Amino acid sequence: MEDINLHFTGDIHAVSIAHNLLSALLDNHMQQGNSLQIDTRQIVWKRVVDMNDRALRNIVVGMGGKMQGVPREDHFMISVASEVMAILCLSDDLDDLKKRLSQIIVAYTREGKPVTAGDLKAQGAMAALLKDAIKPNLVQTLENTPAIMHGGPFANIAHGCNSVRATKYALKLTDIVVTEAGFGADLGAEKFLDIKCQKAGLKPDAIVLVATIRALKYNGGVDKKSLSNENVEALKQGFVNLEKHIENLHQYNVPVVVTLNHFVTDSEAEVAYVQERCEAMGASFAISNVWESGGEGGLDLAKVVLDTLDNKQSDFTPLYRVDESIEAKINAIAGKIYGASEVHFTKKASKMIKQLESLGLDKLPICIAKTQYSLSDDPTLLGRPTGFDITVRELNVSAGAEFIVALTGDVMTMPGLPKVPSAENIDIDVDGHISGLF
Amino acid sequence: MEDINLHFTGDIHAVSIAHNLLSALLDNHMQQGNSLQIDTRQIVWKRVVDMNDRALRNIVVGMGGKMQGVPREDHFMISVASEVMAILCLSDDLDDLKKRLSQIIVAYTREGKPVTAGDLKAQGAMAALLKDAIKPNLVQTLENTPAIMHGGPFANIAHGCNSVRATKYALKLTDIVVTEAGFGADLGAEKFLDIKCQKAGLKPDAIVLVATIRALKYNGGVDKKSLSNENVEALKQGFVNLEKHIENLHQYNVPVVVTLNHFVTDSEAEVAYVQERCEAMGASFAISNVWESGGEGGLDLAKVVLDTLDNKQSDFTPLYRVDESIEAKINAIAGKIYGASEVHFTKKASKMIKQLESLGLDKLPICIAKTQYSLSDDPTLLGRPTGFDITVRELNVSAGAEFIVALTGDVMTMPGLPKVPSAENIDIDVDGHISGLF
Amino acid sequence: MEDINLHFTGDIHAVSIAHNLLSALLDNHMQQGNSLQIDTRQIVWKRVVDMNDRALRNIVVGMGGKMQGVPREDHFMISVASEVMAILCLSDDLDDLKKRLSQIIVAYTREGKPVTAGDLKAQGAMAALLKDAIKPNLVQTLENTPAIMHGGPFANIAHGCNSVRATKYALKLTDIVVTEAGFGADLGAEKFLDIKCQKAGLKPDAIVLVATIRALKYNGGVDKKSLSNENVEALKQGFVNLEKHIENLHQYNVPVVVTLNHFVTDSEAEVAYVQERCEAMGASFAISNVWESGGEGGLDLAKVVLDTLDNKQSDFTPLYRVDESIEAKINAIAGKIYGASEVHFTKKASKMIKQLESLGLDKLPICIAKTQYSLSDDPTLLGRPTGFDITVRELNVSAGAEFIVALTGDVMTMPGLPKVPSAENIDIDVDGHISGLF
Amino acid sequence: MEDINLHFTGDIHAVSIAHNLLSALLDNHMQQGNSLQIDTRQIVWKRVVDMNDRALRNIVVGMGGKMQGVPREDHFMISVASEVMAILCLSDDLDDLKKRLSQIIVAYTREGKPVTAGDLKAQGAMAALLKDAIKPNLVQTLENTPAIMHGGPFANIAHGCNSVRATKYALKLTDIVVTEAGFGADLGAEKFLDIKCQKAGLKPDAIVLVATIRALKYNGGVDKKSLSNENVEALKQGFVNLEKHIENLHQYNVPVVVTLNHFVTDSEAEVAYVQERCEAMGASFAISNVWESGGEGGLDLAKVVLDTLDNKQSDFTPLYRVDESIEAKINAIAGKIYGASEVHFTKKASKMIKQLESLGLDKLPICIAKTQYSLSDDPTLLGRPTGFDITVRELNVSAGAEFIVALTGDVMTMPGLPKVPSAENIDIDVDGHISGLF
């Protein structure tokens, strides 16, 4: 566990260094004559570091005179927010990786022409730095089951799931492959299905939707301190949230298995209520006790999943087609998944849509950056909000990763450390035993 | 070879991330109330990245308002210039590593009090990040001979040789251990002997001093285009440079073997001249043809070394004792090794000496940053310059690495990329074969 | 005219230098030990220059090391946006000036305590620099009529009218004093009446409200190219805007005289329509032809004003009392003057209201920064909009000028130059004749 | 006195605003497309403010994105360091002023081509802003004698004396005109004679050299506390300084009158010694008691000057001709005036000389920035140092002022405020009486 949390196989370091090589080539190009006419005020390629380091969010670089670079504003993100990470996870092979890396837009000229990593001849060296990182990593669980861990793209400005290559490797090695997709199903599942599966030609046979009684009661209005008390009434109020997620996933024509991540405070009545409602909606249901009993605790769920695979038909259909207009694709997600009445585009967003169309970059899947605390873009709206609007503040294109990012709120790509950083408590003894990591 | 030149075992990444963790903790401390009263104008801990990136030499960080860090000037260095790298190479074990990490001075208060990594409680987490990097790496040569590669501290602001642990491991595993010390012997050998050996209690039995006929002729005044022509007269003029190096090394009471890195253009007369002069000075002599014949080409040299070990007595004595004054130690190096008449200290340097004395940090070995192109601090003075002065412009303390750096000229800790970066020519094919790396 | 447009009597220069003295004292205080514990991230006092200079909007100052100031972000505004200008215009005398200057809040400590110009002992020297600038300036019109010009505070973040001292001087020298208040009457008149008159105990006897047929037709939906064509229908549509302004001013219990700034394209029917409607509302009416005939062209208006002074009663009552709550005062202006349904306060604004209350700075008049293009805060809503909300984004306090600024949109305090700056066309010949100024 | 020390006639404000207009036009040009291809790293035109404001020495401007200017490093100087001030003082009339303003070099392109104020079409508007400032100002002394005060260029990076126009006006109005030239005669007189007189065709008839017994004893080695004690021996030692100045001025073929600024502690023997030595060298001599008796105290000196004018012949010859090489001109000043053995040019200085030659800007007078505390460039060398070298670190051209600045040390163009700024003690009462100014 420690090794995975420290440097692991060095993939993040490789992504960081490949990313920052592109940054160095970009600034060096401007230093050496700027023949591509890059506008110092329109550089969109930020630097990265694998560290929560707030002071690097907004910086000025290139100071000190003629031999020290060209002055400009810059920003650092954490490495997992790098488009290189998203590309790594979506590439078929080294050739596809290079093609995608070369497509990355790093800046614009004064005339609005995009400048790419390919214009800077960066893709070969970047790919060379990623030659091992592109290979999926085989690890084992605490029970010595093999597992593949590969890639960690951000789940807001990127698609948030593991690599296409890892999934395809796994599919060659075993009968059943389980892939995790983080955040709520409105975000994680939607992006997994519409971006990764649609892109890679993957067709899932079943979806396991994880819920907790506690979260449902919270969505039903119970405050955080009272979540341990039985409250079927609140559960009913909050179930609408899960109901919406089940309805959403059914839109993809894939069978849904709901599992409750079981807590000791869940009452039998509460569990029974959820089971009944799920099954009434046509979803399968199972309790998961993995937290308590390890693999044993997941056997029931496993059986229900196997049963679903045997008996229910999947006919995976993405929510939208990538060749629809940007507005149509965003409207599809916001309307069908979030339940929004209408989508507003700010002036800036509308302008960017026109720009993407003129650059021929509009026929890409959409990656919406939205709060994970609500189905809407307002984190305080719990349950199943209706009658709300979604505002798209800004659009960015990840031309290498081949998706368009639509921002509905502030996105933090560089976290800060807290008052007492956990680093203060980490230690290692002379024999190499680490403490304080968890 | 490629793997070593790309990410190798990840040691540099680990050093980078441990280094930058300290940076993040430092800025976070100021953000969270700055109880240590760090002066934003007196922060000496720079950030690092493993990339030649000129634009990061001089930057401003912490902009954007109250929640985005504290504004200040900052600088990036390449990772090998990190004091963490020097510490890694000089530490006995994880405990010593932690002790040294905690001693790093990161900043000063307005009152001039040093603030250390220990004050920021950083050493435990930093050491945890270095837990694998501290282990020496076993590699093999092209002829499949095992070799240990470990650590790469800068040879100007640090001591420039591999880790103490690597050398000690090797000493346990084999009869004869060869360690490389880069740059001229006035820099590489001096630092190896006075810093690393003195510190670690190592006592070399022989020193192999590598020379070339071409370099000696260059030191004798021949221009670079004519170095292939036989010119015994110029060789005589230039031999004074090698003569000084041999004299210098004899001051350490260790037998010296001179080897010529042989070129096809070296004439017999030239080789004979060098051999004669070396042997007249009491040094052994051998030709090395490794460049042409691999291991075979080094057999003669190996025999001479073995012969030296058998027949000559070594009584290693460092040039100075660490408990002498800073001026005395610098005078010893400049006078006995460089051949300088006098050492000037600028006001700034003198002030720093007083500060180090008042902080009790003066009883440390000295690491002089000087040009490698001349025995003096003027790169244009060839041969064996005399009657020159050395100016110490500035002093810094690496309180964790436990040496004092004396700067005699501009030191570049962040290189820039050239007009056509070699990255532009690097490529990788779909099967993972890299081209353009060399 | 030229002299007034160049340096005039130097009042703006004096304001600039007094303002920047405070900036220099502030940065010097931090440099010299920062005993007041000013937070470099919470400095609200910007620098000024009497120049449209976009590049100075966002800057970093204090770079270069320990002796060169403390690094921080800063901003320049144009001089007329200086709080010193507003203070100059609202001060009774030199003592009041000093008192107000000392009240200026320049920064906050980490704990949120305000730091004032008085804390920096700046008010005496600032007032000394303003000793001549505080004196009203006597000029003459092109017809050699005496006029007093004094002070030019911004009309959005400040109250936008001439100095109290100028008005009071004029009242001692003549029977009737006319004061201009710029922008629409919802801004200029409101601030003149509620801030300047309420503060200085001035009680206007009549208000002249200036309108144009063209603007009324524009408010009635006519596009800018067609404003020269007679269009009584559109005039009727647009008159509601003037109607609202007349109603607004009647709320102050001061007789209103409407005057049309006459254009040759105004038709008789259009003029007649406006006159009829104004008089129906109880306002007097007169045509002004000053643009064409100079003073002669204003005689009709003058007679109507004299007649109004003789025959109508004024009982000036401000819209709100300064000791009401901040929200109440803003609601009064937004509701009664703008016609808004509701006022929203952003989180930031609400937080600032609480802070002002806790600092005892809430019992001050309100200066709303709002677009002059609409009665609402949306510049595209013409005529007499209804059913709209006003959003207060942010609040600032001008503790020396003694008013609270409520921002309803982006406020530009530092303009930029256009593609072809008018400076390029300005010239002066050897005899001192200036050309290109207009 | 106060008015002169505050805003005076606004000349400095006019210089500041004309200077900063050029800055704004420069940044605006880059913002609007940068058709002149200005290199953001090679901008030499700094901004100015009439304030000691250390935090503005090193700044970054143009931050905030595409609409907020182009990011770059910048610097503020105090207004008197502006080249506009030097130009104002050297211009014949408005046409010459415009010509010189247009010649100002503000930046260079990447190819090293200079960009001038004329390229930015700035000279007309700048001259318009200076239309009153170019006129000499008539003031009166405390004894109501008329005097002309006009212009205050820096005495290190500029020529340090009043305007050509002021001197020429005075010459038309009276028989005898006295002009002050600040700092030591090696700086002030040299620049007055070689730059201003040579340029303007002025031919002085006599030079009054002001000395003090105290300063001569200080140059003779007496410490500052003992200067009040009679010490003829030290005076003899220190007289060599005055001797050198007299010799220097005689090189210009202008009669010299030495005057002692008399102190009550000067002994008769000391005065007698100085008088004897001066007269032995062919200089006239007089005591000045102006500090004690006002105009009366200067009568003796006045008589000696009149006598000199009547009886001694002046044949003013500048030290060098402007069409000599830059090195020759600097050698002339350093050798003949300072008494240096040799002049060293740093690499940077030599490179700049070549650049100036290639730009055809080498045939200009030289303005050396040197310490005023010694005849040498080392402030600690008192008396009449010999055998020393002068190092020219850097050269700049003031192409509008038409002189070349040679820097021999650090030049401070933006002072800082002290721990307790005098502003803290300045006050003004309600009647306008200022206190604390002196």
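Order as written gives the chain letters A, B, C and D; numbering starts at 1 within each chain.
Everything below uses one rule, namely that contacts are C-beta pairs under 8 Å (C-beta built on N, C-alpha and C of every residue); 3 or more make two chains touch, one makes a residue touch a chain.
All figures in this text were calculated on a predicted structure; none of them were measured in a lab.
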Chains touching both subunit C and subunit D: none
Chain whose average C-alpha position is farthest from subunit B's own: C
Whole-Å gap separating subunit A and subunit C, where each centre is the average of the chain's CA atoms: 49
Mean-CA-position distance for subunit C and subunit B (Å): 66
Interchain centroid distance [CA atoms averaged], subunit A/subunit B, Å: 44
Multi-chain contact sites of subunit C, meaning residues that touch two or more partners: 60, 63-64, 70
Touching chain combinations (by label order): A-B, A-D, B-C, C-D
Complex contact set, residues of subunit B against subunit C: 33, 39-42, 60, 63-66, 70-73, 110
Contacting residues of subunit B [partner subunit A, same complex]: 6-7, 10, 13-14, 16-17, 20-21, 23-25, 27-28, 31-32, 49-64, 67-70, 74, 93-95, 98, 121-122, 124-125, 127-129, 131-132, 416-417, 419, 421, 423-432, 434, 436-437
